[in-house]
Amino acid sequence: MRPSGRAPDEMRAIDIQTGFTKHAEGSVLIAFGDTRVLVTASVEEKVPPFLRGKGEGWVTAEYSMLPRATHTRGSREAAKGKQSGRTQEIQRLIGRSLRAVVDMKKLGERQIVLDCDVLQADGGTRTAAISGAWVALRIAVDKLIAEGKIKEDPITAQVAAVSCGISEGTPVLDLDYIEDSSAHADANFVLIEGGLIAEAQATAEGAPYDEESLLRLLRLARIGCDRIFAAQAKAVGR
Amino acid sequence: MRPSGRAPDEMRAIDIQTGFTKHAEGSVLIAFGDTRVLVTASVEEKVPPFLRGKGEGWVTAEYSMLPRATHTRGSREAAKGKQSGRTQEIQRLIGRSLRAVVDMKKLGERQIVLDCDVLQADGGTRTAAISGAWVALRIAVDKLIAEGKIKEDPITAQVAAVSCGISEGTPVLDLDYIEDSSAHADANFVLIEGGLIAEAQATAEGAPYDEESLLRLLRLARIGCDRIFAAQAKAVGR
Amino acid sequence: MRPSGRAPDEMRAIDIQTGFTKHAEGSVLIAFGDTRVLVTASVEEKVPPFLRGKGEGWVTAEYSMLPRATHTRGSREAAKGKQSGRTQEIQRLIGRSLRAVVDMKKLGERQIVLDCDVLQADGGTRTAAISGAWVALRIAVDKLIAEGKIKEDPITAQVAAVSCGISEGTPVLDLDYIEDSSAHADANFVLIEGGLIAEAQATAEGAPYDEESLLRLLRLARIGCDRIFAAQAKAVGR
Amino acid sequence: MRPSGRAPDEMRAIDIQTGFTKHAEGSVLIAFGDTRVLVTASVEEKVPPFLRGKGEGWVTAEYSMLPRATHTRGSREAAKGKQSGRTQEIQRLIGRSLRAVVDMKKLGERQIVLDCDVLQADGGTRTAAISGAWVALRIAVDKLIAEGKIKEDPITAQVAAVSCGISEGTPVLDLDYIEDSSAHADANFVLIEGGLIAEAQATAEGAPYDEESLLRLLRLARIGCDRIFAAQAKAVGR
Amino acid sequence: MRPSGRAPDEMRAIDIQTGFTKHAEGSVLIAFGDTRVLVTASVEEKVPPFLRGKGEGWVTAEYSMLPRATHTRGSREAAKGKQSGRTQEIQRLIGRSLRAVVDMKKLGERQIVLDCDVLQADGGTRTAAISGAWVALRIAVDKLIAEGKIKEDPITAQVAAVSCGISEGTPVLDLDYIEDSSAHADANFVLIEGGLIAEAQATAEGAPYDEESLLRLLRLARIGCDRIFAAQAKAVGR
Amino acid sequence: MRPSGRAPDEMRAIDIQTGFTKHAEGSVLIAFGDTRVLVTASVEEKVPPFLRGKGEGWVTAEYSMLPRATHTRGSREAAKGKQSGRTQEIQRLIGRSLRAVVDMKKLGERQIVLDCDVLQADGGTRTAAISGAWVALRIAVDKLIAEGKIKEDPITAQVAAVSCGISEGTPVLDLDYIEDSSAHADANFVLIEGGLIAEAQATAEGAPYDEESLLRLLRLARIGCDRIFAAQAKAVGR
């Protein structure tokens, strides 16, 4: 029995609230249980220097946790004067995951920045961020299409992410904070609608794991991502 | 007629939602119209070095704006590696305002950190932050009292803040972003329940102002703060 | 009786020495009693990015205290790698105060930087800096006019600043360090020649204050600024 | 045919030179083909704050690339004033990988720092660093055992890492720079002697990949790591 | 003929004004012609970590130039967030030079910090700083002796510094800015009362120099330092 | 007798290995005894802003020590977020020394960056770096000439550097770490082939030194540099 009473292959409740803030071109408050991440998509009519004049766009992400999103207060990165290695690792993963489903030529020479700010953390913040970022991106791109700024849809597929892990010897889906703290393997999968994989990361915490466990975790991730794909589709009305 | 259709002495809708997040000892989502600030109060059983061993507590604040809280995306301070002068000025003001109503000896040797994160900005973010911070602080202190960690209530009064300004020649209360951008005087008042002043700041933008205008702005601030005091009291059930 | 033996509405000796250094377009060593601030005005034939090509000028300020300007040595901000919140707050105030009396179109597309470096501190450094900065600015602008670079005088009035506070229950003018440390209200007023207000900031330290006190402090500031206006006029030979 | 003429499951030449520098407790110059990484192990008789007094040790890593280790010169991180996200991600991975095979209680309250400096880069620098770090760690620990500072061997197994990827549609082992630049999936596996997995990371670059590819890449990694385990054993004389 | 009309072995006017500021234990405004440096000596009853508990003192220095000490305004190091290589090189030289004449055991476990702030620059700021720092140090140490905190005088000799260079083919003493900009060798000598050398630095700018030139520059430095030693002695009344 | 058994005027073994890494236009591993520095020369077809459009080139250097190049591990400057004063002082010296033998007009509008990374330190790292940098520069420039990018050789002479010092009362050449730690005068000379001086720096550590000692140290430096000039010539096949 998991601490939350869930079955091993059971996701927490997924909630996606669009339009949570009004200024951004796309704005989503996504919840995986008690984990809540505010994601905004900002369209900027410029691209990073290495892309200037190439007629291609860019999608990038920034990630942050509010100091008291967690059980005990963490120090504010802006006050410390630098982003942690963990923050940078996560925001690189989010950006890469979203770029996996965007055709940059169709997007045109503009950049979409996905800001993922964790309002409350209970495990799985990076995977909730990726899953919510797709919705914010979809909304922002739909707006660009509606305004006639983009002719062909640059988004090639849905992308979603979920964490899995081996907790008390059992592979389980969508770890909350309690499970995450004690799991001895911790994996994050970023999957594409249809079943292909954009990113797989599985880390041993304590004891290493075998190939069968890796496959079992991937199986659980497929179950979770199917749930998220459905919630994303519903949120954007498709 | 103001852009929002409000009367000169009319506040925007005040909304105070307590318990918006679950980990903090006090958590409040406060809205002044479309301005929305998430404030958490974190109790730490330690004090800054200059107070160690003196038996007194401390109250401090940090302030930040999510990058896309505003009309166009601002860069993230954590990514830039430093807090702007504006951010530091505001968080110093918030901390000072709250300390004006706390008896540090009664609080005991512990620190309460008020994190004010602006989720959506439409003018008046610092005054909403102060007004919400009092509620978060009240909830956190009530918890300390309920747990028996504090014997006598260290909070001596309510404190609230509101912005006023001279817009199109007319002194008006609680400026939204449109008014704030074009106002030629911009004031923030931090008032104590009962009428005393904790902080008055009135800045000319463009033309300087006269003493009568200063007094008129203070009058408006009294009207606004009375509304906020009532909303605060209701939010904490007093 | 004040620690210095002054009457409540008595300023310290004001001394303004122009041409203290030779390279700057304007250079002033201003003293309010033992507080001494070196202010230089540097004319730069360029403007910040947000003003480029608009035909308007800019006035900005930087502020710093020498490490041993104070009773005990403070650490050097350049060595710590960042400016304190206090420093940033003060230099923003100085810049804003001077801009209140400059017509940016008449100044033309150039920037004047006012560097305010406190050589010795005894209370009121920011107000001495503002008052001295006006003189340095006046000298630099006169030079631009004499050289034919500016046709019409862009300076619209004198601006001066002074601190006031409630010390031992009595509102007093121009606090020195001893009074400043123990005052329970601390105010800075930036006034325009003729009586209008550019900036009013009054902060409770400890007990909040009432409206009458605010007005009384403003009254004292008018007395002080009249003294400063006279000293400024004499320094620039007007 | 691969650009290097290698078969898909063929590693580059592995060269491990121990004692490359004289001061460190362990020092190794490891080469995977033209990729050369200098790894030193430094024993420090102290642990990070979160471990003090617990009787447990710690193993951590730092990673850097010399500015001209690459085809074109990159800027020096010390000169820029911060480590890139990539650097932090890699050094976190190295530390985690080595900790997977160390019993921290047996290590005792001391820290071993593994400095991995890339002298020349041609793909696979992080995996060469991990593989070399194990050798440097083994040498340093053997020294501690020989000196009687450690009683029981804290190293539980060998650990090695290798990169794999899908290049021109074919899964290949141990990518060099040319392959790495054009691969459309890029994976790093950290394997434990005997076959268990410490870390699996597989990222799509461009097109996502399927489950069969992930398994095929893991198969290749096993072939490569067996080669590395043998080279490590030979280098430390076991 | 030198631009200033001076003979090759002629120093500029040396002026040493003690007690320029009131808080520091030693305070000096030193001028070499138009170069003016404010030096303060601050006594701190603590030492850097590497000296704690050893019963020895420390002397260190910090150096800075006000932004408009120079012909054109330089950016403020505190605003840029770091000290330049030039600044660090100079302050290391100043500290080293003063430590050459202090017996750290006699100083006792305390630190004296010499803050050298250039108010106006016209060549030779580092050598004026060293020469003034000795006076500030002497005054601060005399105060410690007078207060009975130090028993035996820890200062073993006078130390002074001067710049020399080869300008228009002629070795000259005490270069001003015009000469310094065009000199093709630039030297700084730190000499001890009596003739010994604490530091010699001679750099070719453009063409390298020969041994005879080095000796000639040292000869000039002796002439200059004798003048400075006399001025120092007079300033401290010895 | 010196700790190493060398005669006072005896250099350590000099070893210069060219082509140590493959990407750089010039690459050298230079050893002075156990001091080993990897120097790469990178040609960049751009110049710093102050030289743009002037048809002249630039030569600059960066210096770093690997954390465990030394007896005990030093912290990594990239991790601390800034370069030490010592590092900046050294890299400024290296760049200046090499520029002394380059005709910037003949080099053309391009920059050569000399990266000097100390792999192992045993005294004299800055002088080994300068001596090796000349070789790397020579190789890179020969490549530019061979490619027809440069018509006339911009290198006007060889440059080499060596440290000398007064150890146990005796002037000695090429100090290793043991001597360097206890020497009471420490000098670095940068000499040009033929005998002219590019830079002389002699610092008293403890007791000041006299003019005769300075001359004796210079004499030793000439002996050492002649050895280095020969090794450089052999390394580049001239």
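Here are some notes:
All chains are identified by letter, namely A, B, C, D, E and F, in their written order; residue positions are counted from 1 within each chain.
The rule is simple: a residue touches a chain if its C-beta (ideal position, glycine included) is under 8 Å from a C-beta of that chain, and two chains touch if they have at least 3 such contacts.
Since the model is a prediction, treat every value here as computed from it, not as a measurement.
Here the chain-to-chain distance from chain C to chain E, counted in touching steps, is 1.
The contact pattern of C-E recurs in A-B, the pair among A-B, A-D or B-C where over half of the contact pairs coincide by residue number.
Chain centres here are C-alpha means, and the one lying farthest from chain E is A.
Centre-to-centre separation between chain E and chain F, using Cα means, comes to 28 Å. Between the Cα centres of chain A and chain F there is a gap of 50 Å. Our note on geometry: chain B versus chain F, Cα centroid distance of 59 Å, whole angstroms.
Shared interface positions of chain F, i.e. residues touching 2 or more other chains, are given as 81-82.
Order of chains round the ring, counted from chain D and going first to chain F: D, F, E, C, B, A.
Every residue of chain D that touches chain A in the complex is listed here, in rising order: 82, 84-86, 88-89, 91-92, 96, 100, 192, 195-204, 207-211, 214-215, 218.
Those residues of chain F that touch chain D in the shared complex are 20-24, 27, 34, 36, 38, 40, 42, 44, 62, 64, 66-73, 76-79, 81-83, 87, 113, 115, 117, 119-121.
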